[in-house]
Every structure is written in C-alpha cells, then in structure tokens.
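Residue numbering begins at 1 within each chain, and the chains themselves are lettered A, B, C, D, E and F in the order written.
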Amino acid sequence: MGELTLGVFPSLVGSMSLDFAFKLAEAGIAKGHKVNMWLSGNAVMMAKKGQKPFKDYSHLEKRMKELMGKGMEVTVCEACAEARGYHKEDTPEGMKRASMDWYLAKTVKTDRLLHIGGE
Amino acid sequence: MKLAVFLSDWRRTEETLERMKAEKLGVILVENGIYHAVVKEKGKDSPVLSKAGANFYVLSDDLETRGFTAANVNSKVKVIGYGDIVDLIMNDYEKMAWL
Amino acid sequence: MGAVKLLFIVQRPPYKSENPRLALTHAIASQTAEIYMDEGDSVVPTMVFVGDGVLNAVKNQQAMKLYGVTTTESHIKSCLLIDLPVWVCKEDMERLGLKENQMITDAEDMGAELKTKFVSYADIQKEMETVKHLLFF
Amino acid sequence: MGELTLGVFPSLVGSMSLDFAFKLAEAGIAKGHKVNMWLSGNAVMMAKKGQKPFKDYSHLEKRMKELMGKGMEVTVCEACAEARGYHKEDTPEGMKRASMDWYLAKTVKTDRLLHIGGE
Amino acid sequence: MKLAVFLSDWRRTEETLERMKAEKLGVILVENGIYHAVVKEKGKDSPVLSKAGANFYVLSDDLETRGFTAANVNSKVKVIGYGDIVDLIMNDYEKMAWL
Amino acid sequence: MGAVKLLFIVQRPPYKSENPRLALTHAIASQTAEIYMDEGDSVVPTMVFVGDGVLNAVKNQQAMKLYGVTTTESHIKSCLLIDLPVWVCKEDMERLGLKENQMITDAEDMGAELKTKFVSYADIQKEMETVKHLLFF
C-alpha cells in the first residue's frame, strides 16, 4: 500500500474541490493507503470549528473527523489561517497547524502528490 | 513520464494540456471538466478529446451531480468512480497535474 | 418607488462556483424583502441563464445524493414555485447541443404553475433595457 | 448627491475584489455620496474580527471601520456567515448581519447598484 | 440604456461583453481586465477594444499594481482613478455590469 | 530519499488569484522544511512561469504602494535571493509581446546572485519529466 498526499487550496464553499479531496481521501483510505492532507489558501476555511451544516453549503467537518479517526493526517497552513482570523482555539480537534514547510517535507516520502491549486 | 492530468474546468485549462507531453497520459475529467465529455459545442467534440495517445476518464459523481449520465458521455471517455481514481493515481501514473 | 425590476444573469455553469446558487437564493429572497421596504414598494426579479450558464438548467442533478448539497435544480424549481420567472437562452442551448427535454421545464412535482421560458438572446437584451438594475453572477 | 450600493461576493484573500470595493466606497464617500455594502458568498470573510494584518494578505478590517465611521452601512449575509462558522460574537463592531432580503430591499431606493459577483 | 461594464478578468468574460448592446456603453477595465489595455497577444489588440461605439477606461491602480503604466496603455483607452469611476457610475451611466 | 525535486508551475496572471503568491511562498518554505525531514533529505524546488503566468514576472509592480499587499515581484526576488531557480517561458513572453527589459531579471538590489532564466517550453517539459512531483498553481 502506498502513501498519497493531497495539497488542497480552494475554499470550502464554491468550487467543491474540497468535497472532491475528502471523497478521494476516503476512497484511498478504504483501499488501505496512507493519506495526508495539507490545507492552504482559502481551504483553511476547514480550520474553523462550529460551522453550521446547512444543506445549501458544503459541510465537511464531520467527514474530516471520521477520516482523521482512520489515520489521515490533516494539517492547515498557520499563517493563512491567522490572516483570516482563525486562531488556535478555532481549530477542529485532531487537525494540526503548521507552516508551509510541513507540506514541502511531506513531498519527500509520499509516493504520490495531488496538488489541487484551483481558484 | 506517466502523467495523470485532472481537468477540473471547462474553459480555462485546455491550452496547458495541449502542450503537455507524456509517454503515458491519462486525462481525468472532474468538476466542470466533465463538460468536455458530454457537451458537443456547435456539434463538435471538445478539442481536449483529440489529445493524441491519451486515455480519457470522467468521474461519474461529478457527471451525475450536473444532470448527465454515462449515456451522454463521448465514446472516447470511460466513466469511473473515486475508487478507480485512487487506483489510477497509485498504480497507473506517477505524476499528477490538477488543471 | 413601487415595483422595481431586477435582472439576475447567470453566465457560468453550476457547482464549480457558488455564484449560480447565490443568484437563485438572492432572487428568492425578494419574497421576504418587504420588511425592509416602504409600503407599496417591491422588488420583482427575473432569473436568466445565458452563455455557459444554461447548464444550470439541465435536469436530474444529483448533488444532494452524491455530495449532500442542495441541487441548483431544486433552487430553480423553488423559483418557479413562487412565480419567479426563469429564462434560459435558446441560442446557447443550441450552441451546446442541449435539447428542451434535457432541461428543467417546470416544477409540477412541487405544485408550481409557472414554467421555464426558453427565450432568444434578443429577449434578454430587451429585459436588460427594461429593468432598473443588473446583477451578473 | 446620490446613493450607491455595492454587493460584493468574492473572498477577502484572492481576487482583490474586496480591496476594489472598499477603495471605490472610500472614493464615493469622499465625493459626498451615500454608500451601502452587502457582503455575501465568500466575502463574508469580512465578518470575522481579529484577522492578523500580514503584508502578504489583503487586510480590510481597519478601512471598513473607518468607512463605517463615515456613514457607510455594511451588512453581511447571516446564513453565508454561519455556514462558514462566523457567529454573532465574531462580527466586527458596527457591521450588521441580515438575510439576503436586506440586499434586495436596498436595490429599490439606491440610485446605482454595482453587483460584484466574481469568483 | 446607459451601461457601464466592468471587465475584471482577461480570458473569461469577453463573450458576454461581445453580445451586449447599449446606446451608451462604457467599458471599465479593472483587476486582470487591465491586460486588455496593455497586452498585444500575437501583435494584435485585444478583441474587446474593437467593441463598436464603446468608451474604454482602465483603472490606474490595477495597472500599476501589475507593473504597467499609462505609457503601455492602448491609445483607445483612458487611464482613470477610483474617483473617476465614482463619477462615471453616478453621473454618466445608469446600469452596471461586473463581468 | 536524498534531494527531491519539485516543479512549481504558475499558469495564471497575478493578483486576481492568490495562487501565484502561494506558489512562491510555498516554494520558499523549502528552506525551512528540514525540521520535518530525515537527515540528508531535502526538497529542491524550481519556480516556473508559463502561459499567462509569465505576467507574474513583469517588473515594477506597485501592489504594496497602492493596496498595501506584498508584490508578487518581491516574492520572485526572494526566490532569487535564496538561490531558488526562477524560470519564465520565452515563447509565452513573445506571444504576449513582453520584452526582457519589462521583466524581473534579477534581484541585485537585494544582493541576490541568481538571475531569472528565460527558457523555452521544451526546457520546462524536460524539467517536468525530471522532477518527482508537479505542483500546478
């Protein structure tokens, strides 16, 4: 089994690229792969807990937690988060905050990298 | 190289794809990229589908989200699911490009 | 001021952008805007899908089933249900090879009487001239 | 002097359309016009106070407050905010929260409407 | 109608503009729309600038942000500031379209 | 693993999207990634501007003066300062009518020795084949 790293940059609401990334991660984990996720740019919108699950908007907090429970590492860009006003205490449980070098370092050992720039 | 290109949009990213070369090339149509598989603008196939030597795939979830089904899909394109994408990434291709 | 006409113009396909959805939800909000307005004032929106935006009106969208998100289709039907006109540009449908039987033509399943109008671009241009404000999404 | 209403939908960081909108509002107010602003979609990112002013990111909280001090009304879409996890207590002082009908109602009396859909 | 169109992008919105008709038409180039005023792709002016009967403006702030100056601007286009845009909106045009 | 090569490919103009800036800041972060890596491992990024992305490398950007936001230019210069290769596609410059004297050619004002490389698309294609991962922005 291999290791897949996803770098995701588009916002939570809008392109649905984050929905794509979490569904892909789920499928990867189901097949026994190790999956890592880096959230940067407007994708740091995932780093705000307490989002109301309206049906009109993508809501991924619950799925993210399930996948982290299955071993997925999720790390969010700290500067991108602070610039948007998401502080340490806003971070959903289990999610890590780090600077961009975390993502760069992950590219070394991972078998595959899917970098979703978008927007 | 073995390259899988994810086309996630319809109008903006074809030019980048056009230039790319790879010994083994997969084009995976996701998000609004699915329109390349189902829309025949002015009666013609999307120019993307004429990329020589490429294998074409379209994500069924994103197809059906937008009101289309496998019946609408161009015969050059194979309809696949998330699990298949995982296999393509981990087994068939080495590098990925999300356009 | 009386009745003020607004034209909501959607020119992009659905889902890759939040815009088409926001156009629909904002237009629907015209129903409850009275609380902020003087007696006798009202806003009268028309929804128009033009260019690649006509793809929003393709029927049988499965976003709820597959991604848990309301379909653009259901928002379009909600418009019809509250008698909010929905127009789709015929020339663009033709350009993209879309037939009327692929499109959301009504919301009879929800009890709506109003039907989608398939119009020419010339009609849309005329409406742009008639309304007070344009809102491009 | 007239009344100008700006409806702004793109995100705080990215397109710089919010920067445009606030600069235009500032110029409008300087010329004696009344300016209203509706923030919806990803533009509700303005409804989170305590954003760190890094030089790499658009930072508009300060300018917004100055303009509100000069009479600009700024109202943010409540549902769009809640879906992103921005609650009442996160709202910068002076900014109002309302449903979309607030914006629709504003279009009746305003002389001009610039609707910045974007993204 | 008196219509001011804000072109905020370079590649995606020209078609919508091409169709629009107005007795009085202003095209205000902002954000990445400024490239219509300064880039001659393959030696040619942007097709946007051939829109018949239109007045063209470009926002100097967005021009200079991207490294261009008035000296680079096509002679069909007038360089203006935010205050000028306010005047165009409030005095010269009635309806606005942001593309 | 040793040194792992990465290609950061920017295909869009600056400012309308956060992406080009994020490409640069992420590439620069390679300098500090060691703390997360095993002894002897490193990441070696190259920044490439291609397609409309070559517009990121136009010099004299005034975003800081006019909008209070760091210019893409200063990020490009920071790359040169830390010896991170910056490549700009020649064919695309030519297509858009951009001359070398309009571009960021160096960061001598910051004390950088490395200069921008104006390369052909064929060189970029070759590099895409050499690196381990591609990052399109």
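In the analysis below, contacts are C-beta pairs under 8 Å (C-beta built on N, C-alpha and C of every residue); 3 or more make two chains touch, one makes a residue touch a chain.
The structure displayed is predicted, hence computed values, not measured ones.
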| item | value |
| --- | --- |
| Shortest path length from chain A to chain C (each step joins two touching chains) | 1 |
| Chains contacting each of chain A and chain D, listed by label | C, F |
| Each chain counted as touching chain A and chain B at once | C, F |
| Per Cα centroids, the chain farthest from chain C | F |
| Greatest separation from chain D - chain, by CA centre | B |
| Pair of chains joined by more contacts [C-beta pairs], C-D or D-E | C-D |
| Centroid spacing, where centroids are CA-atom means, of chain A and chain F in whole angstrom | 25 |
| Chain B and chain C, separation of their C-alpha mean positions in angstrom | 29 |
| Centre-of-Cα separation between chain F and chain D, whole angstrom | 33 |
| For chain B paired with chain D, centre-to-centre distance based on mean C-alpha positions, whole Å | 38 |
| Per-residue multi-chain contacts in chain E, two or more chains | 8, 11, 31, 61-62, 96, 98 |
| Multi-chain contact sites of chain F, meaning residues that touch two or more partners | 15-18, 25, 67, 132-134, 136 |
| Multi-partner residues of chain A (at least 2 other chains) | 13-16, 23, 41-42, 56-57, 59, 113, 115, 117-119 |
| Pairs of chains in contact (touch as defined earlier), listed by label | A-B, A-C, A-D, A-F, B-C, B-E, B-F, C-D, C-E, D-E, D-F, E-F |
| Residues of chain E touching chain F in the complex | 8-11, 31-32, 35, 39-43, 61-62, 64-69 |
| Interface residues, chain C side, partner chain B - complex | 13-16, 52, 55, 58-63, 65-67, 71, 73, 95-97, 102 |
| Interface residues, chain E side, partner chain C - complex | 1, 3, 13, 15-16, 19-21, 95-99 |
| Touching residues on chain E, where the partner in the complex is chain B | 11-12 |
| Residues on chain B engaged by chain A in the complex (per definition of touch) | 6, 8, 30-31, 61-62, 81-83, 85-87, 89-90, 94, 96, 98 |
